[in-house]
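The following blocks contain the structures, represented as structure tokens.
Two complexes are shown next, each including subunit A; its partner changes from subunit B in the first to subunit C in the second.
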Partner chain A sequence: MIQFSDLHKAYQGDTVLGPVTGAIEKGGITSIVGPNGAGKSTLLTMMGRLLDPTGGRVTIEGRDVFTTKSREMAQQLSILRQENQFTARLRVRELVAFGRFPHSQGRLTEDDHRHVAEALEFLSLTQLADRYLDQLSGGQRQRAYVAMVLAQDTDYVLLDEPLNNLDMKHSVLMMRQLRRAADELGRTIVLIIHDINFAAAHSDRIMALRDGEIVTTGTIPEIMRPEVLTDVFDTPVSVLEVDGRPVAVYYS
Partner chain B sequence: MPVSEQPTPAEPQTATVPQAPTDERGRGRSRRRLRPAAPPPGARVAIVGVLVVVAAVCYLLLFIRGSFQFAFDRRLTTLGTMVVVAFAHAVATVVFQTVTSNRILTPSIMGFDSLYVMMQTAMVFVFGGSALARTDGLPKLVVQTVLMVLFAVLLYRWLFAGRFANLHLLLLVGVVLGLAFGSLSSFLQRLLSPTDYDMLSVRLFGRMSNSDGSYLPLAFTVCLVVGAVVWHRRHRLDTLLLGRDTAVGLGVDHKRELTVLLVLVAVLVAFATALAGPMTFFGFLVATLAYQLTGTHEHRFVLPMAFLLGLFTLVAGQFLMQHVFYAAGFLTVIIEFVGGIVFLVLLLRKGTL
Partner chain C sequence: MKTARPVLLRTGIVGVLLALLAASLMTGGYDITLSRLLEDPDAREMFLISRVPRTLALVLAGIAMSVSGLIMQMVTQNRFVEPTTTGTAQWAGLGILVTLIVTPGATPLTRMIVASFFAMIGSLVFLAVLRRVALRSSLIVPLIGIMLGAVVSAVTVYLAATFNLLQSMSAWRSGGFSGIVRGHYEPLWVVGIITVVVFLLADRLTVAGLGADVARNIGVNYERVVLLATVLVAVATGVTSVVVGFLPFLGLIVPNIVSMLRGDNVRGNLPWVAALGAALILACDLVGRTVVAPMEIPVSVVLGAIGAAIFIALVLRQRRHARV
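Let's turn to the complex of A and B:
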């Protein structure tokens, strides 16, 4: 379980998040939703220890993410940012192999190669493994990043907008693959999603943020209600039932 | 990636080495020839290693007139200096560019050289020209190195760890610092007596051939120690290529690595500059060539490649300058000049940095 208490981030006195207190349960997929500027990425990157909080603490299974040795943390928690700028030109396989760094410190063992191959296979990248990242489409590259994070073989996986740059088909595929990672590999996945309907269709829980505060956290039926969504997104939202699933409609 | 043992391919091109004018032509040709087969990185490093050995043997043994012992000893000292300079600049530049996630800036460009010039000038200005010769020795070398390391660590830490991690801003800061130090130096130089200025000006250009052999044991020790620490971190350096966030995500203590590595970079460049004078574009040239020629991002190949390329450039260049053009003193000037041209050619051909 990821727990955070009084977590607070401010830039030059302007609070962008919190103080918030809450938890993300172990297992399954938790989606973080909310309008722009709600503090979603700030919360996620602080949980992933990439951003130092102004105040408060984050623990994973009782261990403080900021004071635990970075290497130990990296075997328990992996995080993927939205933008990735690499100095070197890398092949897909090389990138995914970096995911094994916390375990092997760069000297890949048989076991590491197996994990890399599995991660490539899992995201259907085996054919593309020897291509350079700059020779891939945006969606393929996104999958390569996720493969790296999965190869890291951590219980907790944090993803900042993994559906960015993906078209309809690849968004669905990505969500299915993440679903499988949660169900078959037992990972706890936390992700930021823009499309509330994607969140509702594929995740177990939703955490809704607005103006740096957590408005509500709950299961899909608890969140997918017109009054809750209207409040979170500050836009009139109605919820319809399509094929037995709740679908938010907010285009009018 | 899992390349450990490569046979050394006996490429025909290795035979033609020492004659190849500095290196851009040989390099260009080998690149084109290598493309269809693309030997693994280990083999490429080995090829350049062979080139270095051939060039070093030619430099040490050919065209000796008069006493063999005298010439050989002098050349050996110069070769030792070149090893130190090539190692320091090559390793420092590659590491610096990796930890700062850019392939444009180098420690030298970031005001290091102009700081060295300013320190020399200030010393002559305050104590007179004879002070340069009087204070020569290990203590001065060490004090100069320590001062430059302090400057660099404070500046780089502030620049790269803070909120200013913007390449263009950094470039600007580097250029402005260089200009500031430079104009302060030239102002002081104007106030010097001609004799003092004359004694100073000798110190302000990179020089391989008239360095003092007695520093070499210390220099080699510094290089070995720093080299060992960097080599130990070669895999961590690879992860730093992915940027701060990804590196932290992979369990690298980024702040600590940044500090340790920048201190090492500062030690190397400060020491090399104090030993052989400023060489602004040498590290830049060598690192850029190494990225292009190694064929991988892995530091265990890129670092040796950069060192060997740098050594080859210096040794072959010195050999040619001394025996073909009879202008040994101009080596560093030529390297900066040719280096710029090679760099532009590669840049235009590839279209990226």
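Let's turn to the complex of A and C:
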């Protein structure tokens, strides 16, 4: 379980998040949703120890993410940020292999190679494994980064808008692959999703943020209600049932 | 084809490097041939005092500057930085001038330590300015470095003029190998140590090339890698500056060519960067020694001419890539 208490981030006195207290249960997929500027990325990157909080703490299975040795933390928690515009020319296989760094420190063992091969296979990248990153489409590159954090073989995987750059088909494929990672590999996955309907269709729980506060956390039926969504997104939302699933409609 | 090409390339570069080494050893005013080397002790002595040191110095300085460029490009995630486009080498020059002013009789070791220290400051200033610049586009970054370098050069020239040391500084500025003899180049062997350290750090440098967030995610201390890299580059630049002088563009073009051929995995690239850096500087030195023989054009001038052309080609190539 990821727990955070009194977590707070401010820039020059302007609070962008919190103080918030809450938890992400172990197992399954939790989606963080909310309007722009709600503090979703701030919360996720602090949980993933990439951003230092102004106050408060985050623990994973009781261990403080900021004070635990970085290498140990990297074997338990992985995080992928939204903007990965680095220019390094690596082959897909090399990038994914760096996901094994916390385990092998660069000296890949049989076991590491197996994890890399599995991650590539899992994201249907085996055919592209020897291509350079700059020879891939945005969506393929996105999958390569996700393969890297999956190869890291951590119990917790945090992803900031993994559907960015992906078209409809690849968004669905990505969510199915993440679903499998949660169900078959037992990973706990936390992601930020822009599209509430994608979140509802593929996750187990939703955490909703607005104005730097957590409005509510709950299961899909608890969150996918017109009054809850209208409140979170500050715009009229109705919820219809399509093929037995709740679908939010907010276009009018 | 997939396996044949790297083998061919590898054999090619090793062959070219050996040929250049032989040519460098055999070229010069004093006529030295293989048979005379075996028979004539004077020729042998001459060979060991002047030719061998010069060639070794070229190889070591070539490796120092290209590996420095490789390191800096990884930690700044920018293809266009190297010691002379970040101000680092200009700071080393300022350091040399300061020792000339303060302690004219300083030993080479003292000058190297001061030059390395100044180079370190130069790199840190560059990184600090970089951190404050929001627009970190690939061409803005070296522009900032070149401007910083120009400011430091201006200060250096002013100080040199004030203290009547312009001539020593212009000798430094036109880094050349004509004065290299036995007993003078040996500090360059520190480059060997630096290269070994870089090899040990290789994976961490590649990770740093992926950015601070990716590095932290996989448990690598990004700040520590950047600091270590800065020290390594400062020492390499400081020592090279004192022994040889200012060597532009080498650190820029060599890692870029290797990156085009083989990607950015530092561990695998390091021998290539070293070999290509040595080969390029040997070739430029040979050009400088032969076109106006018996006079010499300093290698930095030849490097500047060839390097600038390749630099422009790289920028244009990058622009084309960016548009796709």
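Just so we're on the same page, the second predicted complex is superposed on the first by the 251 of 252 C-alpha atoms of A that agree within 3 Å, B and C clash if a C-alpha of one lies under 4 Å from a C-alpha of the other, contacts with A are read in each partner's own complex, and residues count from 1 in each chain.
Going forward, a contact is a pair of C-beta atoms (placed from the backbone, for glycine too) under 8 Å apart; a residue touches a chain by one contact, two chains touch by 3 or more.
Since we're looking at a predicted model, the values are computed, not measured.
If you put the two complexes together on subunit A, you find that subunit B and subunit C bump into each other. By the touch criterion defined above, A:Tyr132 lies against subunit C but remains apart from subunit B after alignment on the C-alpha atoms of chain A.
By the touch criterion defined above, A:Arg93 reaches subunit B but does not reach subunit C.
Contacts of A:Phe66 after superposition: neither subunit B nor subunit C is touched. For the contact definition in use here, the residues of subunit A common to its subunit B contact set and its subunit C contact set are 48-50, 70-75, 78-81, 84, 86-90, 94, 98-99, 101-102, 105-106, 149, 152. Those residues of subunit B that touch subunit A in the complex are listed here as 1-2, 97-98, 101-103, 234-236, 238-239, 241-243, 245-246, 248-253, 297. Residues 48-50, 69-75, 78-81, 84, 86-91, 94-95, 98-99, 101-102, 105-106, 132, 134, 149, 152 of subunit A are the ones touching subunit C in the complex. Residues 45, 48-50, 70-75, 78-81, 84-90, 93-94, 97-99, 101-102, 105-108, 149, 152 of subunit A are the ones that touch subunit B when the two sit in their complex.
Those residues of subunit C whose C-beta lies close enough to touch subunit A in the complex are 74, 77-79, 138, 202-203, 206-207, 209-211, 213-214, 216-221, 259, 263-265, 267, 321.
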